[in-house]
Amino acid sequence: MFQVRIHGRGGQGVVTAAELLAVAVFDERRHAQAFPSFGSERTGAPVVAYCRISDHEIRAREPIMEPDALIIQDSSLIKQIDVFSGLKTGGFVIINSNESAEDLQLATKILVPHTTAILPATELAMIHLGRPVPNAVLLGAFSALTGLVSLQAVTNAIAEKFKPKIAAGNVAAATAAYEYVMNQVAAHA
Amino acid sequence: MSVTQIKFYQVGSFAVGNRLLRDDERSVQSDPDRTNALTSGHRACQGCGEALGARYALDAAMRATGDQLIAVNATGCLEVFSTPYPESSWRVAWLHSLFGNAPAVATGVAAALRAKGNHTTRVVAQGGDGATVDIGLGALSGMFERNDDVLYICYDNEAYMNTGVQRSGATPPAARTATTQSVGDHPGNLFGQGKYLPKIAMAHEIPYVATATIADLRDLEAKVERAMTYHGARYLHILVPCPLGWGSASCDTIKIARLATQSGLFPVFEAVNGEMITSSKIRKKVAVDEYLKLQSRYAHLFSPQRNNEVIDHLQRIADRNIARYELMEE
Amino acid sequence: MLRQVEGSKAVADAVAACKPEVICAYPISPQTHIVEGLSKLVKDGTLQHCEFINVESEFAAMSVAIGASATGARTYTATASQGLLFMAEAIYNASGLGLPIVMTVANRAIGGPINIWNDHSDSMSQRDCGWLQLYAENNQEAADLHIQAYRIAEEMSIPVMVCMDGFILTHAYEQVDIPTTEEVSEFLPPFKPRQVLDPMDPVSIGAMVGPESFTEVKYLAHQRMIDSIAKIEEVADDFEKQFGRKTGGLLRSYRTEGAETIVLALGSVIGTLKDVVDELDLDGYSIGLVGLTSFRPFPFEAVRTALLGAKRVIILEKAFSTGTGGIVTQDVARAIEGLGLEDLTLIAGLGGRPITIASLRSYLVEAMDDQVERLTFLDLETETVTRELVKERALQ
Amino acid sequence: MDKPYAITLSVGSSLANHTGSWRVEHPEYVDRMPPCNKACPAGENVQNWLYMAEDGSYEQAWRALIKENPFPAIMGRVCYHPCQTVCNRGFLDEAVGINSVERFLGDHALEKGWKIDPPAEETGLAILVIGAGPAGLSAAYHLRRMGHQVVIRDATHSPGGMMRYGIPKYRLPREILDAEINRIREMGIIFQLDTRVDDVHDALEEGFDAVFMSIGAQLSKRTFIPAGESSRILEAIKVLRDFEDGERPLLGRKVVVYGGGNTAMDVARTAKRLGAEDAIIVYRRTRDKAPANDAEMEEALEEGILIKWLSTVKYVGEDNLMIEKMALDETGFPQPTGEFETLEADSLILALGQEVDFSLLGNDVDLDVVSGLMDVDGTMMTSHPGIFAGGDMVDGDRTVTTSIGHGKKAAKYIDAWLNDTKLESKKEKTPVSFEELNTWYYTDAPHAVRERLDATRRVNDFSEIVQGLDESTALYEARRCMSCGNCFECDNCFGVCPDNAIKKLGPGLGFEIDMDYCKGCGICVTECPASAMVMVSDL
């Protein structure tokens, strides 16, 4: 069982990200269970969504308290809430930011270089999609960093979810993110 | 007069029928084969105005729709006296659900008919003033706003009669009920309260809104018929005196309704798409006293002596109606 | 076809496959996604010959459903929480008139204090309203139950509530196999109403019934409900035959064979419990699980049989009767009369509190070690309530 | 449909619940006395024939009418219609033009040539009627209908009495008079004209089983007026009679008429038509005291006739006369003032009233005369068994209609006397009052005025002044009848019953109360326009 927790702000498509990931996994004939943190949050407020990935039927419905991976769609959250709570040691972390780990002042113990990816997802979104929506983009990075789901499955999910034009932009951005992270990983290797 | 005057002296335009009239000039009620939508054996009080209004309206609706009619009834006197198990007085397809939901139930009936492609059967919802202006107002407003294809008929007897004459939102000022002050300096209902539903209905700009009384049968029938020529939400507000609740003689039910119109206290008019188009002119104007005197719910206005202040106030309301609804011939 | 979809979407598609003729609903979280989905299906023509009515309240929603059903239309609506209470008067009327309406209850707590999260206090509050109540374990069952519900409702002339946990199921994306309209048509014949408003054959529906007959009317309603126990099973079997999966029915047992302790629960928590039971089993505990689908009618016989041989039954409930305790517990206790079974009640997940594997596990271990009260509130903040109790009692 | 127990019911099943048991009183249909019928001196059933006329059943209406009165065409012209004076419609807008409808029916009948059937069987009894005036003709008509042999004797050579010799042509065209008289003649009534009866006793000798005297009042009242040699003083009724017989009385250019009754009006108007430049009426009292009918006086004034109120004729000269002004004293009685005035006058016509000529009573004193009038009992019989009397010679208001009523009443009692039976006198019915009607239901419909010839045109000749109504207007007028006290099938009771407890039996058959369901609320009675229903206690 692999558990992902996605952090973001209301309006950034956090829930959609979880859904896309689940669909991508389903696309690869595996089981997934995506669900939001149910609350009365409005646009701008910190929100969380979850996605469980497994080769078997997923029955448990508790919130994910010890994620295997974190996707942080908005780095400004890092200073506001404990986004890293419960993260398994050696867990994956994907952060949307133009800054470096140093600038983000993140304790090095959390950020093991080859399990961490920091990328300007919003910028990529702007370039390829023309909108500052990083959710789908980060799934490209997730695919590259974790290898848990293929880029193909991610782009399929995107294509399934969005109307062609937006889908195309997201696919391009996700692919760019995928390559960006691949290069990072290569650099660290 | 919203009903076309019959060029026939004697009683052409006013009585139920007349041996000298062509069938099509007679009211539905003069037809020996009328539906009798609410037939004999019901348990309404002697001289019940609501029983009369319901039969008038539904018989007319049955004629207008070629008997393709479904009626939905709110809880209240009408429902209780017409369908105590094991006997029903209705001779139309009829459904009673609750006190406050008749308009919504009717919406459901209409929706089902539409879904089934039945475009001939029409729907009528009916209830008393309590069901209409108070507990069911939300549902009624919703039905209006959606413009569902339903004719809603309110039989207004100006209080909760079924439960023993308690005040409703339609109880007129100064009228005495079981829950309005019955003694003291100012007995009877307060001034400046209550809801006038016809105008509320008009505010929804639904295709058709009209008022009528059981005292002018031809007018009432003509309005039901006209209502049936429209589709969408329609509202008909019928004044039906209640001998029990108004403290009047059972034989005076129609007479009192007539005095309500001739005094100007109950304006009779028609409105299309929210605008008034016609009003029934007063034929023989009377002072409000004539109307009030016949009802013991107003007895406190006449004994020990005439309460000029209150009665004059009521007269001003009548006069305002006469001006507002153009009730007098120029 | 198998798809990775949100629970609400799955239910919307399943309902659409039943070809309802009138759908009416008033928005309330967490039911909204279901009716939004249906409204889309009606608008885009996927669902034809269907009227979608936006009403002004839940009371109106149920009322519209009553009118439509009495006119012979297959009718659907959905609500939750306060909405269910607001339509309560009409809910009783629908069952009283024997109208086979199907309604989804996206289970949610009842205020005050206002709370939008999941528990079962809404549907439990309508325990005695004369509707069938079927609880879904997961979104697959939620979807299937709606299809089965129409068969049961229309064959028995009783309305059915399909209860699914708000958010936990309605907002969860998982894989669901949603039957096509064609498949469903094979399983669910067109609606033939027992009584209908028809100008050609008019009747008066909704008479006032006095003391001389009211008892009989209620007795007959009771018997109809009892008879539906068999019908629920029958329909579930037919469903399994056609679709190859066992959903619905009265209840489902899991590892109860020879288990000393059996947990009985309703709704989505059953999934979590299955994981817990598996773990405890590995650790050598003798424990099983009964998932109750049909709460109304309550299948006394089936429950009794399912619990036979156990020493202890723990009823996990997401609602409770203030001043009394478990609601389902009362019925279970009657079902096991004379079996010498101990019954414990665990109140959990109130107002959306997460029911974690860890908490369940520790409670069950203690319970099997006879270390718990007969009535326990899972993860109760003891410190807080003790403090508050002291304050309150000082004021009494 | 498989209906669920108790909550769903069969339609109309409440018919099993007989709510009639709630009732303590119930409505009943009644036929009451309309004021018009009550007021008609000829005893016509006005409301009844108007009801028939309403739907165009003219012959039916006409036949109903002539049951009481054989001369609708005449009545429709000369009757002063007391029925209209009491008509309840008068309180609503204007009285129903009963008289004009009667005239329409009469004229219509003449047009169509409708006949009166002779009696089914003869009684073999013979009655002599003396005087062919309205009373005599009416009596003869009714007696003939009863199957009696009737002989009418009259001193003049044309029947009609004052209808012919008193009422000028312009009010009653003679072809109408002749036609209606002729119609009853055809029933087999024998007219013996130019036959004066000198002694009524001889008639009984002749073998008549009974006699009806109706010779009217033919003698002019006289008064002494000093007059000059060549002064010209005439009697009104003689002038009218002579004129009727074809003579052209010499009246001169300026005519003065003395008197204030209808005869005065008639003769003055006749004088105008005969070419008099001025016709002046002199009357010693005021207008409100004058016995003349208002309408006639109006017409006279319209025709340019002058009336000198409060004046008496003092002296009559050759071509002028002197009148004295009077003044009312405190008792309202005119007193001489000593003021005089001279009027140019070629002739003075006296119209001071008439007296009965009792010469035919013979010498026997077995026939009582009281204060100048024939004395009769409640059965119109004189003090002499078998001799009856009516019309102007007995007490009455001396109108054609009253005389016709006398004739009818006498006929009835003569018949009874001949059969030696006693008639139960019907107990008086109080007529329906306006307050008892529910006039809301009657459409507002004012009286249709009959066309009248323009005054300037009509004085040139004797053509009829008042025109008849055309059919549509007559129908309109008939339909203004409120049918006081009698059902006219307006369906109100049938429509306003909250319990559908009234059965409609079909045209002409009226309605029936269904006692199984009538709760006795009384709405039908309140809403009956005509007050043809009453509540009756069940206790």
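Should a chain be cited, it is by its letter among A, B, C and D, assigned in written order, with residues numbered from 1 in that chain.
Everything below uses one rule, namely that a contact is a pair of C-beta atoms (placed from the backbone, for glycine too) under 8 Å apart; a residue touches a chain by one contact, two chains touch by 3 or more.
As the structure is a prediction and not an experimental result, all values here were calculated from the model.
Chain B has the C-alpha centroid lying closest to the overall centroid of all protein C-alpha atoms shown. A count of contacting C-beta pairs for C-D and for B-C identifies B-C as the more extensively joined pair.
Our note on geometry: chain C versus chain D, Cα centroid distance of 93 Å, whole angstroms. Centre-to-centre separation between chain B and chain C, using Cα means, comes to 44 Å. Once the centre of each chain is set as its mean CA position, chain B and chain D turn out to be 50 Å apart. Note: centroid distance chain A to chain C, computed from Cα atoms, is 35 Å.
Those residues of chain C in touch with two or more other chains are numbered 97, 198, 202-207, 209, 213.
Shared contact sites, meaning residues of chain A that touch two or more other chains, are absent.
Touching of two or more other chains is recorded for residues 83, 85-86, 88, 90-92, 94 of chain B.
Per the contact rule defined earlier, chains pair up in contact as A-C, B-C, B-D, C-D.
Against chain B, the residues of chain C that register as touching in their complex are 21-22, 24, 49-51, 53-57, 59-61, 63-73, 75, 89-90, 93, 97, 197-199, 202-210, 212-213. Contact residues on chain B toward chain D in their complex (touch as defined above): 6, 8-20, 26-27, 29-30, 32, 36, 39-44, 46-49, 51-52, 55, 82-83, 85-92, 94, 217, 243, 249-255, 258, 283-284.
For chain B in complex with chain C, the touching residues are 67-70, 72-73, 79-80, 83-86, 88, 90-98, 100-101, 104-117, 121, 138-139, 141-142, 145-146. The residues of chain D lying in touch with chain C in their complex are 1-11.
For chain C in complex with chain A, the touching residues are 3-4, 6, 30, 116-118, 138, 166-168, 171-175, 268-269, 271-272, 274-275, 352, 354-357.
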